[in-house]
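To start, I am sharing the structure in question, which I have written as structure tokens.
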Amino acid sequence: MPTRPDLGIQLGDLKLKNPVLVASGTFGYGQEYAQYFDISRLGAVVTKSLSREPRAGNKPPRLVETPAGLLNAIGLQNVGVEAYIAEKLPFLRERKATVIANIYGKTVDDYTALAERIEAANAADAIEANLSCPNVHDARQARGVTMVSQSPEAILEYTRAIRQATRLPLYAKLTPNVLDIREPALAAEEGGADAVSLINTLLGMAVDAEKRRPRLANIVGGLSGPAIRPVAVKLVWDASQVLRIPIIGIGGICNAEDAVEFLLAGATAVTVGSMTFRQPDAAMRVLDGLEDYMTRHQFQSLDQLIGAMKV
Amino acid sequence: MPTRPDLGIQLGDLKLKNPVLVASGTFGYGQEYAQYFDISRLGAVVTKSLSREPRAGNKPPRLVETPAGLLNAIGLQNVGVEAYIAEKLPFLRERKATVIANIYGKTVDDYTALAERIEAANAADAIEANLSCPNVHDARQARGVTMVSQSPEAILEYTRAIRQATRLPLYAKLTPNVLDIREPALAAEEGGADAVSLINTLLGMAVDAEKRRPRLANIVGGLSGPAIRPVAVKLVWDASQVLRIPIIGIGGICNAEDAVEFLLAGATAVTVGSMTFRQPDAAMRVLDGLEDYMTRHQFQSLDQLIGAMKV
Amino acid sequence: MERFLLDCPVTRHDEVALGQYRLFLRMPEIARIARPGQFCMLEVAQGYYPFLRRPMCFEQIFDEEISILYKVEGEGTRLLAQFLPGQAMNVQGPLGNGFPIDAGYGRHILAAGGIGVAALPALAKALTEACGKAPEVILAARSKHLLLCADLFESFGCAVHLATDDGSAGERAFAASVLQRLEPGRGTRVYACGPMIMMRTVSDVARAAGANCLVSLEAQMACGDGACLGCVVESKYEQEGEKMVRVCLDGPVFDTEIIDWEAHNLAYAP
Amino acid sequence: MERFLLDCPVTRHDEVALGQYRLFLRMPEIARIARPGQFCMLEVAQGYYPFLRRPMCFEQIFDEEISILYKVEGEGTRLLAQFLPGQAMNVQGPLGNGFPIDAGYGRHILAAGGIGVAALPALAKALTEACGKAPEVILAARSKHLLLCADLFESFGCAVHLATDDGSAGERAFAASVLQRLEPGRGTRVYACGPMIMMRTVSDVARAAGANCLVSLEAQMACGDGACLGCVVESKYEQEGEKMVRVCLDGPVFDTEIIDWEAHNLAYAP
């Protein structure tokens, strides 16, 4: 009888029982999916991006389906950090979920204030700083470089400041819309991030041929789902060649095979995003399938798998 | 009875009877598809990238299917410009196809030599300079910025030089893997390009979980097909906001509705790429469908459609 | 609220009009707790095209089965139409709030536009049982062959008023003008489901007459569970955190009063 | 070469072994010109998943029909298995070079590994007709129930040598060792189709014995028409422009002598 593989991983000071996370914005605040499975089984729940004040987000329509994916322009609608602490956190704690609070702000101060507040309220086990939301600018005005994570200098500044504001493990979530992913990734590492999350959605757009209007009220949105997986795997591999800190892989992960693809390319954790919409228990299937895979291939621990692609 | 719409467009000095092209590398040298339809009906045939000498390209495997798309790493295998002129061109001329010769080189000199040779041999009606092939570097060594079109300065230099070498209409084909597409697009315009072709494939990668190896011998490849359409439409729209020269739209176009999407977003021409693999006569269906659409919406000419998205 | 994720066998599947189908699925767990106006998300594709599930209302709710009435619109519903009896489909549900059943209203009028009728038979039945009297029904569609469920409503005892855009059956009229003629008033509750423009005009008539009006909205959905915030419409609530209401979780049934009908999204609606 | 793009009705579709099917398609235009060893590209999906067509050999070529023998591997063949008689499938073909039929050879031995047998019945028939004598056939597979087409070969008059990895039918042996025992020699032509490793070992035995050997290769394909350059394998040709040969257009049948069996791609093969 083979012993069961150890699926534990370490992301900064946080030890996770397994590497399977659910992505910010695709799992609400955990409660929405607790009716389908035991969310404490997840490596961690990553919350919807939290801002200091509640946000209404963008006008609808906010979603368009595209081949093997979807475009969204939610615009970071969220209840705000205070309502999160008062109304959402107790459920997550009660269910014994490991929680990574994803935070979003417009200024460095917003980020540091959010990190401090979350640490003070013991409102998460780690923080993921969303430096890469594509949907908070009106596409009619802002074009080109609009995200913190499109500038290595800005990443360094933001990550450093958040790092100083909290002792919680800190992960920097980056955009794929850059020239060379190694630069922002290294900037996050230099700024003191304990991990980088790769990738947020790819910028995209869709037009209604009959109505001759953009399909999203915000015009531009973020592309996610299996369609973008090859792009994400490539960026994870690129970043893994230069980083010392771990990578949280995200982008089109639908099943255990996809998860293994990210691990082999260099990710330490794997995140199920849009696939949860298709199969609410997709993350559990990934977890079970990953354990099977490791048993079948006689891997005792994930170290043997992470970055183990033969080139 | 409504009159038939005029589908003619102008790309630099070249007038095309309609805006439907077939993409470089997906239509061979024309002959391969002439058995399925009359290739003279196309706005133009864009040839496989031609280099000065024949190239064997990358080692196989060179193709992987991905959700709603495919990754390729052909590595610019081609017969070379002389064999093109001697063996491929006569067929294209005999069939009365409008021909855009796509060229690729390692140095500025390669490009200018190719352009001169093609003009001298009267071997094309226009030239598309592929400044964006993702598959010509060994991914084990080269990472990050490896394409001419990832640097506005290089684009300017290359485009200027080719512009001086030929009077043929010149189109610059750009990569989507940049921070802000407006910069390379403007550099091409400044360098004297008559149009920009957007987009070449997106960098991507796939790993075989069972064999723990990259699925492509070249490790990294270019992603194409419907999966990337939202990315391409977005980049066309971005570029169209700043360019005076026309845009040749490429990326996941499968049917007339997709083509209209690109036109509304600001493209002047539309190119069918990977979809030809699925339906060898896809470009004809796009052409017929586009004419239907224009008739149905009572558009007399494409000017009324290009960039006509209401925002 | 309890929700399930179940493989449910198709027990019957009929084309009831050109491109319009009625599908019966066996799902005892869901049928037991489902309420009129709720919906489910069907996994129509086996691969990733289309990627998302498709939301469909419960047309009728039986002991162990539910039926769905749907129209083929695009790729998803085309795949749905290919399911054969005996095959299983993965179903997520029951979802959404459903219609409140309040016998306190003296008069109940159901207004259906086109395939929007799919949300109303279960409601008609529930109201009949709760009020001891069948509701009135306005059945409007573009043309005669798109008028569905008239027999079903009549079997509950409903007075059914037919209206078509082309006059091929019933009156040549829109649902709102039929409602006007029926003279709703205070103490009347109107339930509307159909195209946005139809629900809006029906709402206007109902409100002008002092009647209460509920609408069952549609929106592009990803999760169906309130998690993605993709399916929102704008409400009249002022606070940042409350402005956007989710069709999937806060709805699909809303009191027309709380909807901001002037807002952008409603202009965008099909 | 003439090629067609046709909607072809399924006339019959049977599961012949676990997960292995024989499909008959009516395609008079293609059947009329198709040759053994050629293939077609089938549009198995209606949407974009999977996006590409699937290449399949002609197993048997009739007057107006062809048959295909295939194994369910993944998403594409799973969809293929769902086609019902009467339904139409879009077919692109005939593609590839096919096997040369040369009665000049005194002895013909066909070696099939697993589902690779699918390429050989039409060849056996053509050789029988051309040579006035049926070829010998080696039928190898992992296990008894995967040995397909034995009856068919026997009906042409072939001597069929069975071999399985597990000894559940015929000899417990690989195709190459059976070939060895059959003592091919100069004047013998061997035709191999199966897994890469099987074709390579069969080639080695044939060449060592001085026999001519043809192999029918497989590769991931996009276009099937020679346009994409995706399906290449490395040849022993030295020139840059000739080094890579296309399985779809230059093949799928190659003389084993021109293939660079040491090359990267063959190590990669499944």
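Letters A, B, C and D name the chains as they come in the text, with residue numbers starting at 1 for each one.
Everything that follows uses one rule, which is that a residue touches a chain if its C-beta (ideal position, glycine included) is under 8 Å from a C-beta of that chain, and two chains touch if they have at least 3 such contacts.
These numbers come from a predicted model, not from an experiment.
Contact with both subunit C and subunit D is made by A, B. Averaging C-alpha coordinates per chain and comparing to subunit C, the farthest chain turns out to be D. Summed over C-beta pairs in contact, the chain pair with the top total is A-B. Subunit B and subunit C have CA centres that are 46 Å apart.
Taking each chain's centre as the mean of its C-alpha atoms, subunit A lies 34 Å from subunit B. We define each chain's centre as the mean of its Cα atoms; on that basis subunit A and subunit C are separated by 35 Å.
Touching of two or more other chains is recorded for residues 67-69, 213, 225-227 of subunit A. In subunit D, 47-50 are the positions where the chain touches two or more neighbouring chains simultaneously.
If you draw each protein chain as a dot and join the dots that touch, every dot ends up joined to every other dot. For subunit D in complex with subunit A, the residues that touch the partner chain are 47-49.
If you check the complex, the residues on subunit A that touch subunit C are 25-28, 32-33, 35-36, 48, 53-57, 59-65, 67-70, 72, 74, 77, 79-80, 83, 213, 217, 225-227, 254, 274, 276-281. Subunit B makes touch with subunit A in their complex at residues 66-69, 71, 140, 143-145, 150, 177-180, 182, 202-207, 209, 212-214, 219-221, 223, 225-231, 233-234, 237-238, 241, 252, 257, 260-261, 264-265, 293, 308-311. By the touch criterion given at the top, residues 45-50, 75, 78 of subunit D touch subunit C in their complex.
Here subunit A touches subunit D in the complex through residues 67-68, going by the rule given at the top.
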